[in-house]
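The following pair of complexes shares a single chain, subunit A, combined with subunit B in the former and subunit C in the latter.
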Partner chain A sequence: MDALRTVTRDIDTNSTKISARGVQVHYGDTHAIKDVDVDIKERSVTAFIGPSGCGKSTFLRCINRMNDTIDICRVTGDIRIDGDDIYDRSIDPVQLRARVGMVFQKPNPFPKSIYDNVAYGPKIHGLARSRAEMDEIVERSLRRGAIWDEVKDRLHAPGTGLSGGQQQRLCIARAVATDPEVLLMDEPCSALDPIATAQIEELIDTLREKYTVVIVTHSMQQAARVSQKTAFFHLGNLVEYGDTDDIFTNPKDRRTESYISGRIG
Partner chain B sequence: MDTKHISSAFDRDLQGAQAMLMTMAAQVETAMLRAAEALATNNLEMAETVRKNDRAIDELEEGIKIDCARILATRSPNAGDLRTVLTVMSIASNLERCGDYAKNIAKRTSVLADAHPVKDVSPALRRMQKAVVAMMGDALDAYTRRDLEIAQEVRERDREVDELYNTLFRSLLTHMMEEPQSITACMHLHFIAKNIERMGDHTTSVAEQVIYLVTGELPDEDRPKGDLTSLSSPESFGDPA
Partner chain C sequence: MTDIPSGSGAVARTTMDKVHGSLARRHRKQLILQIFGITAISLAFLMLFILLASLITTGHKAFTQTEITLEVFIDPEEISVERLPRGNFTNVLAAAVAADLPSVDQQDRAEMRVVGGILSNGAQFQLRDRVVEEPELIGQTITISVPVSDPYDQLHKDLLDRETPENLRRLDDTQIAYYDRLVENGAIAASLNTGLLTNADSRFPELAGLKGAIMGSFWALLTCFLISFPLGIGAAIYLEEFAPKNKLSDFIEVNINNLAAVPSVVFGLLALSVFIGLFGLPRSAPFVGGLTLALMTMPTIIIATRAALKAVPPSIREAALGLGASKQQVVFGHVVPLAMPGILTGTIIGLAQALGETAPLLLIGMNAFITSAPATPFDSATALPTQIFIWADSPERGFVSRTSAAILVLLTFLIMMNAIAIYLRSKFERKW
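On to the complex of A and B.
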């Protein structure tokens, strides 16, 4: 029976990539994340869903310490990647962000050429020793971003001249250029049309062969399509976390059911 | 889920499809009852009504499927809503088949009117029909009330219908061997019994859909099967001794 299923949602490995325990986030007096525990599997796509203000983006931003850049934000608890505490004093956030790449809601290419957009990360991290090596990294990254064929003849044209969907794929290429282990995506398709969205979703599915992908999305159908695991956040709590198939057909918590079926919860 | 959707049109769509299913269910129950009544009392007029009304049942099924397809396409339902839509579609198919069987029984009733009468079979058929109609009523009740317990109980009761069918099968074989001139009538009666037995299976499937609707999981295939006639030969069953 399983052999006949066309969609395999299995995760190849069972090992945990990101593990969070007792994570709390405060913005000044606001308690934004309340005691979240979660284990995110290696080489899988995990979707964070929930209503606006539920804390899903805040939690995502804890994973590469983007919240450090906000003065009034205080993160406590334990977040580990491959067992290493990423909030340890010895960890350099800049190095961490090379390991944990991020793609944002609105495509934000640098006002530079397509080539330089991708080469930027490897350059500051000293990943290429020669021009030829850099060319190779740029091509490989653009291929992983599924945009190489569309831009290979105009690598020195400005990245901002691309269409929205192409810009977003360029940003994904830029994020994978430093060869990260984890890719965080904060509503990567919300500014894109359905065709560009489908292309990004297709790309996400191939990215999970190499990376651990965590995606925040407001589109429930997108979460159902691209992810193997889904976490539902509500009022700062992680309400339910499980296999995507189960969450969307038979959620255990009434709040999850209310949210995903479009009811007033 | 008793709370309403943010989009009230979604609530109306779901209620509409379910209301249509209930209308269809009422018509199928009536068809099953009338087919039984027509057979028992040799009422050809009633049998004709059952045959005529089957078209309305088919049209309702069509309408339910179209509505459900529209809900799936426009609302992308999840969780309980998704299970409701899937269940409505599946139950509509089961009901449609039961309607067909009722129609087939009605057809054979008119043929039997002119055939050689067969003794002692009517009460057993009547019992079988009663059991299946009662099961269908309870299965639909379980659906409207989302009642897991009733659904599970209905599922168990199919065994009784299967056993009644086995008994009938045996006595019809005996009749045919003893009185070859009754073979035509007995064949029709046997198909009627088989139709009723199949109605029982579809009713069981309705109950299983209710279990899926409530729990999110279809029950395992461990239900005891009572219909053994496919394993038997005339020699093993037909010995008049």
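On to the complex of A and C.
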């Protein structure tokens, strides 16, 4: 798997950002996540891999409580960010989601201008006191989303008019505009062509300087390219979690080995 | 493929042969479907054409009105400033007509009555209003155009057959002779019937207009809109976005769907017993009509709004939620604005339906005979469909063409409303 390596990965710090203990998720009668324990390091990229329906996206959506919006979904267990229990009664999911941004599988810009897309998060949270401050936030976010140069002349054109890859970078810019600590990405490249994918992957690598990134991906190559830590999910279980190098070169579990060598999936 | 065991014909059938064999059948099925579709659409268009053609052939005559132009000497002996607005305007007008008819003996009161009957009953009021406005006209001669009465209007529009025996005709030979003489003088001409839209209802077809009905429909629809639009959208947003999904919300949903299917006459009876009987609201008032129509329109708006809200892609909700928007911010900042074209279309279609609704308005008395347009929603009035109902029921010949004309006016309003709905839908249509 060494051939897949393009990024040297050193975890910048050793502090744990997100820690999950005994997380269980039920969708009605379906037991989607079974007793998952995981510690995600700060300012690193952690990839969740596994076959379709293994629960990796479900677990990702537990981290910003997006599962709350599904009536039949029940989450138990303990998830902490910086030691705060995010399912505590005193935590408002609205506040949590300002702290934990999310990028979705399909680019989903609002049918508004590029500027308004990025400004929406800061606006609802009241992060900018003046128009000038908002302009600054928008520019900084679009630069972080590596799309500023492409859109700076048409900030008031509709965001839906951009290409797929540009839309996804706009969504990343929109997510970082509220200055979150954690960025969750749910298969952000699955709807994109290889060139757009490469641009996003490059962007993810720069994002980890500032954010803790958790990415769900179907592509093992992508996991190998962008992440420092990899978690392999299978049928709702976290089968193996460790340094990306180790998972791909020296898997300990037989199921992990089968998956990365293409026998299950 | 030569070793395929063959049946009777000994012909080897490859896959392509089988596909080829089924092609003809598939094409035939498609052709039949197309023929069915085209026939259905043609039939629908034919029916529409017949409806419009029959309405226009009978209705177009009501869009002109036969008028007589008279040189009227406002005789100070008949009309004096002191007695205004009273005065013998009928005599003054009859004298003016008789002046054009040399054969008439102006002293013969019976003959003068026949001559006066050429003019519409409303002519004297037109002259009176003019003189009241400018009393200095008394003693002068003025030129005035007034409508002729219904039989002469019918005669001018070739709706009265001169070949009918005299005793069966509405005008006898003398009257027709008067008419012919007046036409010869160039006094009688047909002009555009603006009275159809600017007059209120009247017993006399030549004076009857739709102003009262149009204003009545306007007030009723305004009331209906102001009540059903906010309530309907509010209910739909709550049910679709906020209400917990349980037995109670299922029950409410089933009942709203049922409400949309309740016959309109039932709503009329409900309005009669509740709004008029229990609350003591005035009878025949457009406000009550609007309340009744709101009851009927609300389910339509709720159903259309819920469908429009459901059609907003979940990805937009997720995007907003993921940024930390509250449920209320997601709904009012994103979902409702995106659903607005659908909501507006549904509302306009609901209102168009309400505009044509007759039965409930009959039950609350909006089919009364009212000769003035309502100034407020609480004045007695008719509505367009009930006015059509009244006119269709009237014996005077002149109302036949007016009924068709009123239907055409109603259809014009309906087409305009539907056109607005289509325009809004195409204007705000979005691509995700």
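Rule of thumb we're sticking to: the second predicted complex is superposed on the first by the 256 of 265 C-alpha atoms of A that agree within 3 Å, B and C clash if a C-alpha of one lies under 4 Å from a C-alpha of the other, contacts with A are read in each partner's own complex, and residues count from 1 in each chain.
What we mean here is this: a residue touches a chain if its C-beta (ideal position, glycine included) is under 8 Å from a C-beta of that chain, and two chains touch if they have at least 3 such contacts.
Only a predicted model underlies this, so the values are computations on that prediction, with no experimental measurement involved.
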| item | value |
| --- | --- |
| Touched partner set for A:Gln221, first subunit B, second subunit C, both or neither | first |
| If touched residues of subunit A are counted for subunit B and for subunit C, the larger one | C |
| First, second, both or neither for A:Ser190, with subunit B first and subunit C second | neither |
| Contacts of A:Asn237 with subunit B and subunit C, given as first, second, both or neither | neither |
| Partner chain in contact with A:Gly121 - subunit B first, subunit C second, else both or neither | second |
| Partner chain(s) touched by A:Ala98 [first = subunit B, second = subunit C, both, neither] | second |
| Subunit B versus subunit C as contact partner of A:Ser261, first or second or both or neither | first |
| Partner chain in contact with A:Phe248 - subunit B first, subunit C second, else both or neither | first |
| Complex interface listing, subunit A residues touching subunit C | 64, 66, 69, 71, 94-98, 101-102, 104, 106, 108-111, 120-121, 124-125, 160, 171, 174-175, 178 |
| Contact footprint of subunit A on subunit C as seen in their complex | 244-245, 313, 315-326, 329, 333-334, 338, 430-432 |
| For the subunit B and subunit A complex, residues of the former touching the latter | 1, 3-7, 10, 75-83, 215-217 |
| Complex contact set, residues of subunit A against subunit B | 220-221, 224, 248-251, 256-258, 260-265 |
